[in-house]
Amino acid sequence: MSTAPETERSVDPRDVTAEAPVLEARGIVKRFGHVEALRGADFTVRKAEVVALIGDNGAGKSTLIKTLSGVHAPDEGELLVGGRPVRFSTPVDARQAGVETVYQDLAVADDLSVAANLYLGREILRTGPLGRLGLLDKRAMRRGAAEALSQLGVRIPRVTTPIAMLSGGQRQSVAVARAIIWATSVVILDEPTAALGVVQTERVLDVVRRARDAGMSVVLVSHNMPQVLEIADRVEVLRLGRRAARFRADEVTTDELVAAMTGSLVTEKEDR
Amino acid sequence: MAPSTTSNRRATTRQRRGGSVLAAVVATAVLAACSGVEVRDGSDDQAAATGEPTAASGPLELAVLPKAVGHEFWNTVRAGAECAAELAGDVTVEWDGVTAETDVEGQVNLVQNFVTRQVDGIVYAATDSTALAPATQGALDAGIPVAMIDSGTDPQPEDVPLYATDNRAAAVEAANLLAEELGAGEHEVALIEFQPGSQTNTERVEGFTEGLGQHDNLTLVGQQPSHSDVNEARRVTEDILTANPNLAGIFAANEPSVLGAAQAVEAAGRSGEIVIIGWDAAPDEVAGLRSGQISALVVQNPFNMGYLGVQNMVEHLREGSPLESADTGVTFLTQENVDTEEAQAILEPSCDNPPVG
Amino acid sequence: MRERLSNALSEFTAAAALVVLFVALSFASPHFLTADNLFNIGAQTAVIAIIATAQTMVIITKGIDLSVGSVAALAGVVGAITVRDLGFSIWAATAVAIAVGALAGLVNGLLVTVARIPPFIATLGTMSAARGLVFIVTGAVGVYGLPESFQLLGNGQILGIPFAVVLTGVVAVGVAFLLAQTRFGQYTYAMGSNLEAARRSGIPVGRHLTAVYVLAGVLVGLGGMIAASRVNSGQPNYGIALELDVIAAAVIGGASLFGGQGRIIGTLIGAFLIALVRNGAVLLDISIHYQMVIVGLIIWAAVYFDQYRRRRLESRG
């Protein structure tokens, strides 16, 4: 297990003297009708760290992530980027703040090509008046996509292939690549390796490490405890819509994580 | 107010053989038509209009339902119905209809709705003779008398009259007219029908083919429907012209069919060369007749349908007179007679000078 | 090129059917392969092709527009009325007709995006409302008495080619380009493919979807005006069941009602395939009943093929 050199940065959750977290959620409440998916959830992402977000099924992980990425507007609570309060009312807001997300349900357009998906919502237009008319520079996007994918080690027959023709793992790889390519500060990955084989999984984790080494922060949602301990610097545990515990990955065991997820171990104050 | 020449179809045939102009204004079924005329004595109308007390005077509400809204023809029916209502006095005409003649089920529902509303009488044109028979029966069962206009039902209950054109007879006549216009020699002709499966369409098609059977020199080389859409009529006629360069005559069986056929012939540069016998008398059809694009038009008397339907229904309700069917007659309109007073009364009917005598 | 091939496969099949039919008709009828007949087929198919192009855009977004027939009729009669009663030129009348179509499209778009009514229901409502308006503005009578110049769009020619065909070409090339080469097109496919993905990618889906319906309305308005011009009158009963023809054309050409797929070239092939069946049937004097059966068979075959292709794709995924 390789740890990045800059781990002397504060990774102890109780030590908040260092620079402000790149992304932070405080007291987030999110209701869907009668279901209260988040009940005052807190979450912290520091610079250049991999933080794992874990929790039982239905704990609210995906909901928290959609709040962080602007898909859901929280009913209560606040988001801070670099210590300053922000409001993400659309995914575009989050993206402008440098936050990119791979959703659990992927959110790729099956009928579009790999290249078109990588550039979806950020198409490269031709220069000059043609561009102002919305004319696409398809060649530039194909080239950019091919380059980015090969850099990330994602193997796809060709970038003009529609996503529908890819395998489940290939799709997931494309979705991960899309997030990594565009993120400038935080990449959020909601169960990015769920459909992947051993080799592909290793490749994604490799990409995650490289992103962290390049100074990016990565949020990883996973049910795979060994994987979490292998890749993460820190772990935050969500239970029943709240943060139940925080750990440094190198100080915790799988048993403790499971205990925190099931409620028999609590490190957070209940009354926050 | 009778058309100058009233005769039955046999009489017309004789006239034709006798070399009379084909401009003869024809109304079929003299007897029935006459009975219609007699009931509609002017003084009667006057009496009703001035509110002379009758056995069951009092406000009446009649539902009058065309096959579909959206054609000149039905608007004229409406004018006739409202004219009769006005002359009778204290009669409200509820005019309502489905938007497409093919919406048979919609009309069934419409009739049922008026039965539910307990109108005093229903006067309507069936979009489908079989499908509407139960609706008619349902109205009768609910004690609401029914009169049919233009198209009846099958079976047609005994106490339900039909005020309509004898389509079959008129279409036979149209075939005769076409034969006469084309003269001796072998000729290819085409038929533009409108709504295969509809009663009226079937009658006109059968009448026309029956008529053709009497003329061995005429061959039917094309028969296509327009679905009462001018664009469609134009399209099929264009294609028929393409397939049959020697085409000499066309019989088009309703307003959109005629307009489309005339446009196709015009576009092919063969106006005046191909004889078109049409049906109905929309303004553009009459214009085509005047300009020579169309040789003759079979003109029904829709005003009379609405008029007779409402008038007889009112009399039945107020005086208990039995409802009896009548032929509303047709007129053959040609370039020669189009400007005559009789023709104008049919073409532009008004309640001041109703073409109902 | 495998993926391209699969995408174009239903287009290819339809095109092959078109060619086979074309050749067969050339042998079957001596009148088929004549300049006059081809000219006629072009002019006859123009309106359906233009409106099918509009329908294809909507279908790609996973929508459907049932109101095309009624809106075309409304645009046509309003255009005709402006000429007859207000003395508008054919061009001004066309602009009005297009505006009518655009307005109907805007209504459809807002019903779908703002009121969140499913497209099928929203446009079903518009279909009825627009037809009602047609009857209201015309008093349920055809609009006649138009000047000769009114026929320009439908019956005019440019260099011996029907003006309507030229317009169809311009529309088809324009929309095909828009769909294939521009951001607008990319968003259109993306929304039909996965609306949520499009939204999360920052595409303003509401605005964009509305724009698609408006653009479709513009084309429907133009189509309605050409139809009116062709018969030199505003016909209140024009376009009843037209939506079925244009949906058939789009589907035969490879557009998928599941959204995300469809190309204008395919739709044109579909429209001409239907037109050839109809034309051939009349030339050979085949009854309308058989024509309808044949068109039905073609639709079945096309859709079955589309499903088959999708199932194969999915089983690979």
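The chains carry the letters A, B and C, assigned in the order they are written, with residues numbered from 1 in each.
Criterion: contacts are C-beta pairs under 8 Å (C-beta built on N, C-alpha and C of every residue); 3 or more make two chains touch, one makes a residue touch a chain.
Just so it is clear, the structure is predicted and the values come from calculations on it, not from any experiment.
Within the contact network of the assembly, the step distance from subunit A to subunit B comes to 2. Of all chains displayed, C has the C-alpha centre closest to the centre of the whole protein C-alpha set.
One inter-chain figure worth recording: subunit A and subunit B are separated by 75 Å, centre to centre, where each centre is the mean of the chain's CA atoms.
Centroids of subunit B and subunit C (each the mean of its C-alpha atoms) stand 35 Å apart. Annotation: 43 Å between the Cα-based centres of subunit A and subunit C. Along subunit B, no residue makes contact with two or more other chains. For subunit A, the set of residues that touch two or more other chains is empty.
Listing the residues of subunit C that touch subunit B in their complex gives 29, 31-32, 34, 36-37, 40, 44, 47, 131, 135, 139-142, 144-145, 155, 227, 230-233, 235-238, 240, 278-279, 282-285, 287-289. For subunit C in complex with subunit A, the touching residues are 3-4, 6-7, 181-184, 186, 189-190, 192-194, 196-203, 259-261, 313-314, 316-317. Within the complex, the subunit A residues that touch subunit C are 69, 71, 90-92, 95, 101, 103, 105-113, 116, 120-123, 125, 133-136, 138, 160-162, 164-168. Partner subunit C is touched in their complex by these residues of subunit B: 68-72, 74-75, 99-100, 196, 221-225, 228-231, 234-236, 238-240, 242-243, 245, 256, 259-260, 263, 267-268, 282-284, 287.
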